[in-house]
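Heads up, the next two complexes both have subunit A, just with different partners, subunit B and then subunit C.
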Partner chain A sequence: MRASRRDFFGRVSGWLGAVALGGVGAHAAADTTKMQGAPVRAYGVRAAYEKAARWLVPSRYPTSTASFTPLAALHGTVTPSALHFERHHAGVPDIDPVAHRLLVHGLVDRPLAFTVEELGRFPVTQRQYFIECSGNTNTEWAGPRGADVQQTHGLMSCSEWCGVRLAEVLAECGVQPAAAWIVFEGADGAAMTRSLPLAKCLDDVLLAYAQNGEALRPEQGYPLRLIVPGWEGSTHVKWLRRAKVTAEPYYTREETAKYTDLMPDGRARSFSFVMEAKSVITTPSPGSTLVRGEHEIRGLAWSGRGRITRVEVSADGGASWQTAQLHGPVMPLCHTRFTLPWRWDGGPAVLASRATDETGYVQPTREALTAVRGVRSFYHYNAIQQWRVTASGTLENV
Partner chain B sequence: MACGIAIALLASGATRAQAAPRGLGSVPHAADIAALDIAIGPRGDELPPGAGSVAEGAAIYAGRCAACHGANGHEGPDMKLVGGQGTLASAAPVLTIGSYWPYATTLFDYIRRAMPFTAPGSLEADDVYALTAFLLHANGIVAADTVLDRARLPTVRMPNRDGFVPDPRPDVP
Partner chain C sequence: MRASRRDFFGRVSGWLGAVALGGVGAHAAADTTKMQGAPVRAYGVRAAYEKAARWLVPSRYPTSTASFTPLAALHGTVTPSALHFERHHAGVPDIDPVAHRLLVHGLVDRPLAFTVEELGRFPVTQRQYFIECSGNTNTEWAGPRGADVQQTHGLMSCSEWCGVRLAEVLAECGVQPAAAWIVFEGADGAAMTRSLPLAKCLDDVLLAYAQNGEALRPEQGYPLRLIVPGWEGSTHVKWLRRAKVTAEPYYTREETAKYTDLMPDGRARSFSFVMEAKSVITTPSPGSTLVRGEHEIRGLAWSGRGRITRVEVSADGGASWQTAQLHGPVMPLCHTRFTLPWRWDGGPAVLASRATDETGYVQPTREALTAVRGVRSFYHYNAIQQWRVTASGTLENV
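Then we have the complex of A and B:
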């Protein structure tokens, strides 16, 4: 009896252990079969016992900061909209969807302004895509710094997006031969602006109005945002009000002063859009405490270049690797959940995961990554993440 | 002007129905486009009329920017706007307008749309030209007697203009 209980709690220790202990042990008093429950509700809320929350970076300005997704508390591949990470430069604007317009102009035959309702009358496209901030995991360039997976990897989320392909809307306007880029602009207090190559815009970019089955959340760009599959989060301009078709990029502040990658020789990479393959173990991870015995290692893998084809897991800091199970459907440019059964015998262990995508790209080690890029480039850190299991069963970033 | 004529022609229903596959969207007035057309590319095509000097900029900066960016642009508490030249290849690079930004037009664009932080979009074009001139001068890029306008600003050459390279990834063996 005791042994089997310990096994149960051990296996689920990461995300459910604490809740299960509290729920079963401490509060068994009220017999819910002897009373009426809560009445029906027009818009649901989660159970009062569930506390997973975004982590807000301490900042002088609560409107120009970021919030991080609690990855260790989540299941599957979809991030609940209320827990999707945020990065704003001037807070969340309150936009009336009826008054809002998307202006498409510049090198087009017919400049047009679209209401959100009109965009909804184009054929809908629905896809599940991750969004990762290119600053995600930037704590780790110079060595292990982030306290837990929320701090190291939480600038990343994944949703089902519905919207219209930008290509359809551009066809309505008639793109001229000289066009090569589009400058996108948001309706927030920073009028956030980014330039994107026309080829990507005509390929898979979406004008999204819905996320996970309902209208976008205000902090996710309500009523209209760009989705730029597989590319760095800041290109997914929120509160989108304008798309100007141009011959050249506009070298906005967010693609020069920011979102450029400084190399050791003092030169910087610009328009480094794609998010390369990456993975991280979310369970177990710092914050959970292991007991000896059977566990399931769980994590997420994703690639901005397509599908994840393989995830390997190591329990000895990369000395040996085992192939993990990928939970389908494995979709391109989307979170892929991987799991691997694992027994902890109480000895030293360093857990790590390594993703491979359909281009054959393999997630690098920190040493390999920093050997090429140094430690000052801030953006696009995608190296293998390691968690060391201590003798007491806690985990730490190493 | 040419743009306005084109729009007027396209406003006739027959032309549009023929050309636009779905007939969705409405034709914006040229004035509405112009009012929103605030993104400034390196050629400066969209720069508004107006002008501002380093001296005027210094006065505006002291009143509206210095509290956050420091009296001389590098004391904080918020982002350093001045200094850092020669540090990019060092162990402690300082990325500022002067050390890092490749185009002066970006400075006008960003100040006009996003600063001052507590009142974005509140500055007149003359003020933005002046602040741009002041910050470029503070970084040693233009002379103290500089007056910037739509013709002059795009000709300013930034020290790190050639400091950027295309994305070579995948780059890690």
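Then we have the complex of A and C:
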């Protein structure tokens, strides 16, 4: 086939026209090559056709206090900031970044207050980290209840964070020998307060001012938040205004009445910080309808203890497993995307994924998890999630 | 120091009050802990205090046809999609993704038209890649002219892209033995058209439908664009509607009148696809004002030939160099962030950075570049960029 320029353009107009008439129904295929398009913009917006949205959980309060990331609609490992899950205890405060201060005091030689601009002059650290609310997947303790992956696993997102290591700022203040914990406080209406061990604070905790390249979003703690890599979301105190270095934890509301784990013997496990290895299949998942033939199973895996080393996928409810492909770079304390080709022949299938992390820890079944933890817990549910494929190709939580 | 809960809260209110009175001037520090904040949102927006914007380059046309990323205002390596640079030749078309088709035809056994949804069922590939317009930094050929790093280097951004390898789609169509090139066409008013060698198309070219976790933004080619890793931006055809497999390139307007390099002997170098190694200091840069003392020099480096292996920074206009820290993961064909501590004592200083990539290529000086290329070129300027620090601490392009 030899083609001239005339042939090139002539032939294709015919092809595209035929396709448009035959296949798009109510969706008119305007010939956009005959029009001047929209101009440049100082700050972009998404396409009007895109509807992916956070799910605003129904609430007994005037407004919802949590929103869930639409995991099934997303790609890759970076969560768009506009769709990062939210959990706030008294709404999103409006903070002027010039007026904002972080006060570091308590068992330090030099109590100091820092502006965000001053913190930005310290050496910067950038890292991609997941944040998972410890309440994520709490619907599943007593059996399958979440309607879809957004409801079961949507209190979980992953971003590139930039900030200064807390250790650098503490060094300026001079931590005293008696120090063992730090109590952090947010500037929101709840004055969200959590205690963290000094060792973690000196290791990898960040005072973050940027998310996915730009300043933090308001609902993510603008202008300053804590990032506590791999630990439960509520410790990543947002709208951070205060860090008090102490000898002991403060046993605040958020580490006594909340964010503790009721065990079968009636005692409560407290300061259960680490988010254990977990995974979930996002495609296909409830809301999808399968046709018979080739598919690619896709999902996310993560661990608060380091890198994901393996994800296995089952299509028969855990009777047999196949190792999925991990998409690099596989980074510690970060979402890892996994995929596995799979053919659906129309028969019964129960899809499930199982993550292993670099410590050797393997994500448990619900039965194994509840044998230890009972079913009266609320936080730290990380069992294997199953989606059953029905005869009509829809999926349901089982 | 022993602190009770009463002491904890009482002491801090005093501290923060004193700071606010002493330091913030016109910026009133409202006590946001006494207010209910804003509710959750289905799709978030940035803080009203944040003003970073793309620079809309003045144009002889009714509207600008390019916008530049505000590199000095950004952090990390991911460019927020809302601030990714734009270059379009006839504006941004409004494309209904359900009606859109990609036609693959020419030297193939089975010409096929694909919907975006169909392409989404192929195995997904996710990778972080930079895109740089080959016209980036064209202000500098005859000497320093750009006012700041946004004007000199802002036609450059980096995102996590998801899509299907073009090779997978071509395999469905059956490429014929005579095939050697593919001509790609956009659905914009310019019907933007570029020819690419088949070997590159079979290697790492992506049909991308997602950027930074969600669907492509309209100005980035919604609903489908080409990603041609490491090659000049104009080859990453946006609003992609057609791929014609051919024996030869088409020598379209965009590879003859434009996107060729006029050499000193009067001949034009064509199909100069690869973006060579380059780097620039983003902080400090014109627009900053330095105070004497400790600073962290920060910048970005990238190469269309692979990984960045080294970035050196000079504070004396290239007389001496120090090796900067690279912030990982250092990925090929991707932005790499570098930093170096530096103390400004108030004296003369000319800041510069020099990148080396894994092929051993070292970013040239302007003199070395123009000795080969002359000064009548427009595209593919990658020389070392210098910022002079004035006695007052401001910076200027020299």
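Convention: the second predicted complex is superposed on the first by the 367 of 398 C-alpha atoms of A that agree within 3 Å, B and C clash if a C-alpha of one lies under 4 Å from a C-alpha of the other, contacts with A are read in each partner's own complex, and residues count from 1 in each chain.
Simple rule for what comes next: contacts are C-beta pairs under 8 Å (C-beta built on N, C-alpha and C of every residue); 3 or more make two chains touch, one makes a residue touch a chain.
Worth saying up front: this structure is predicted, and the values here are computed from it rather than measured.
Student: Quick one: classify A:241 as touching subunit B (first), subunit C (second), both or neither.
Tutor: Touch status of A:241: both partners.
Student: Would you check which partner chain A:266 touches, where first means subunit B only, second means subunit C only, and both and neither mean what they say?
Tutor: First partner only.
Student: Who does A:124 touch here: subunit B (first), subunit C (second), both, or neither?
Tutor: second
Student: Now for A:331: first (subunit B), second (subunit C), both, or neither, which partner does it touch?
Tutor: After superposition on chain A, A:331 lies in contact with subunit C alone.
Student: Kindly classify A:358 by the partners it touches after superposition: subunit B alone (first), subunit C alone (second), both, or neither?
Tutor: neither
Student: Could you look at A:396 and tell me whether it touches subunit B, subunit C, both or neither (first, second, both, neither)?
Tutor: neither
Student: Tell me which partner A:42 touches in the superposition: subunit B (first), subunit C (second), both or neither.
Tutor: A:42 sits against subunit C, while subunit B stays out of touch.
Student: With the two structures laid over each other on chain A, which partner does A:78 touch: subunit B (first), subunit C (second), both, or neither?
Tutor: A:78 sits against subunit C, while subunit B stays out of touch.
Student: Using the superposition described at the top, determine whether subunit B or subunit C touches more residues of subunit A.
Tutor: C
Student: Does the superposition put A:214 against subunit B (first), subunit C (second), both, or neither?
Tutor: After superposing on A, A:214 lies in contact with subunit C but is clear of subunit B.
Student: In the superposed view, which residues of subunit A touch subunit B and also subunit C?
Tutor: The answer is residues 64, 90, 103, 105, 111, 113, 121-122, 183, 185, 189-191, 241-242, 244, 246, 250 of subunit A.
Student: Residues of subunit A touching subunit B in their complex?
Tutor: 60-61, 64, 89-90, 103-105, 109-114, 118-119, 121-122, 169, 171-174, 183, 185, 189-191, 193, 241-242, 244, 246, 248-253, 256-257, 260, 262-274, 276, 359, 361, 364, 368-369, 371-373, 376, 380
Student: Any idea which subunit C residues touch subunit A in the complex?
Tutor: Against subunit A, the touching part of subunit C is residues 1, 3, 5, 8, 11-12, 15-16, 19-20, 23-24, 27-30, 32-50, 52-54, 56, 63-67, 73-84, 86, 88, 90-101, 103, 105-107, 111, 113, 115, 121-126, 160-162, 183, 185, 187-189, 191, 209-210, 212-219, 222-223, 239, 241-242, 244, 246-247, 250, 294-296, 298, 327, 329, 331, 337, 339, 341.
Student: Which residues of subunit B touch subunit A once you look at their complex with the stated criterion?
Tutor: Residues 7, 10, 16, 19-22, 24-28, 32-33, 36-43, 77-78, 88-91, 93, 95, 97, 100-103, 105-106, 109-110, 113-114, 117, 120-121, 163-173 of subunit B touch subunit A in their complex.
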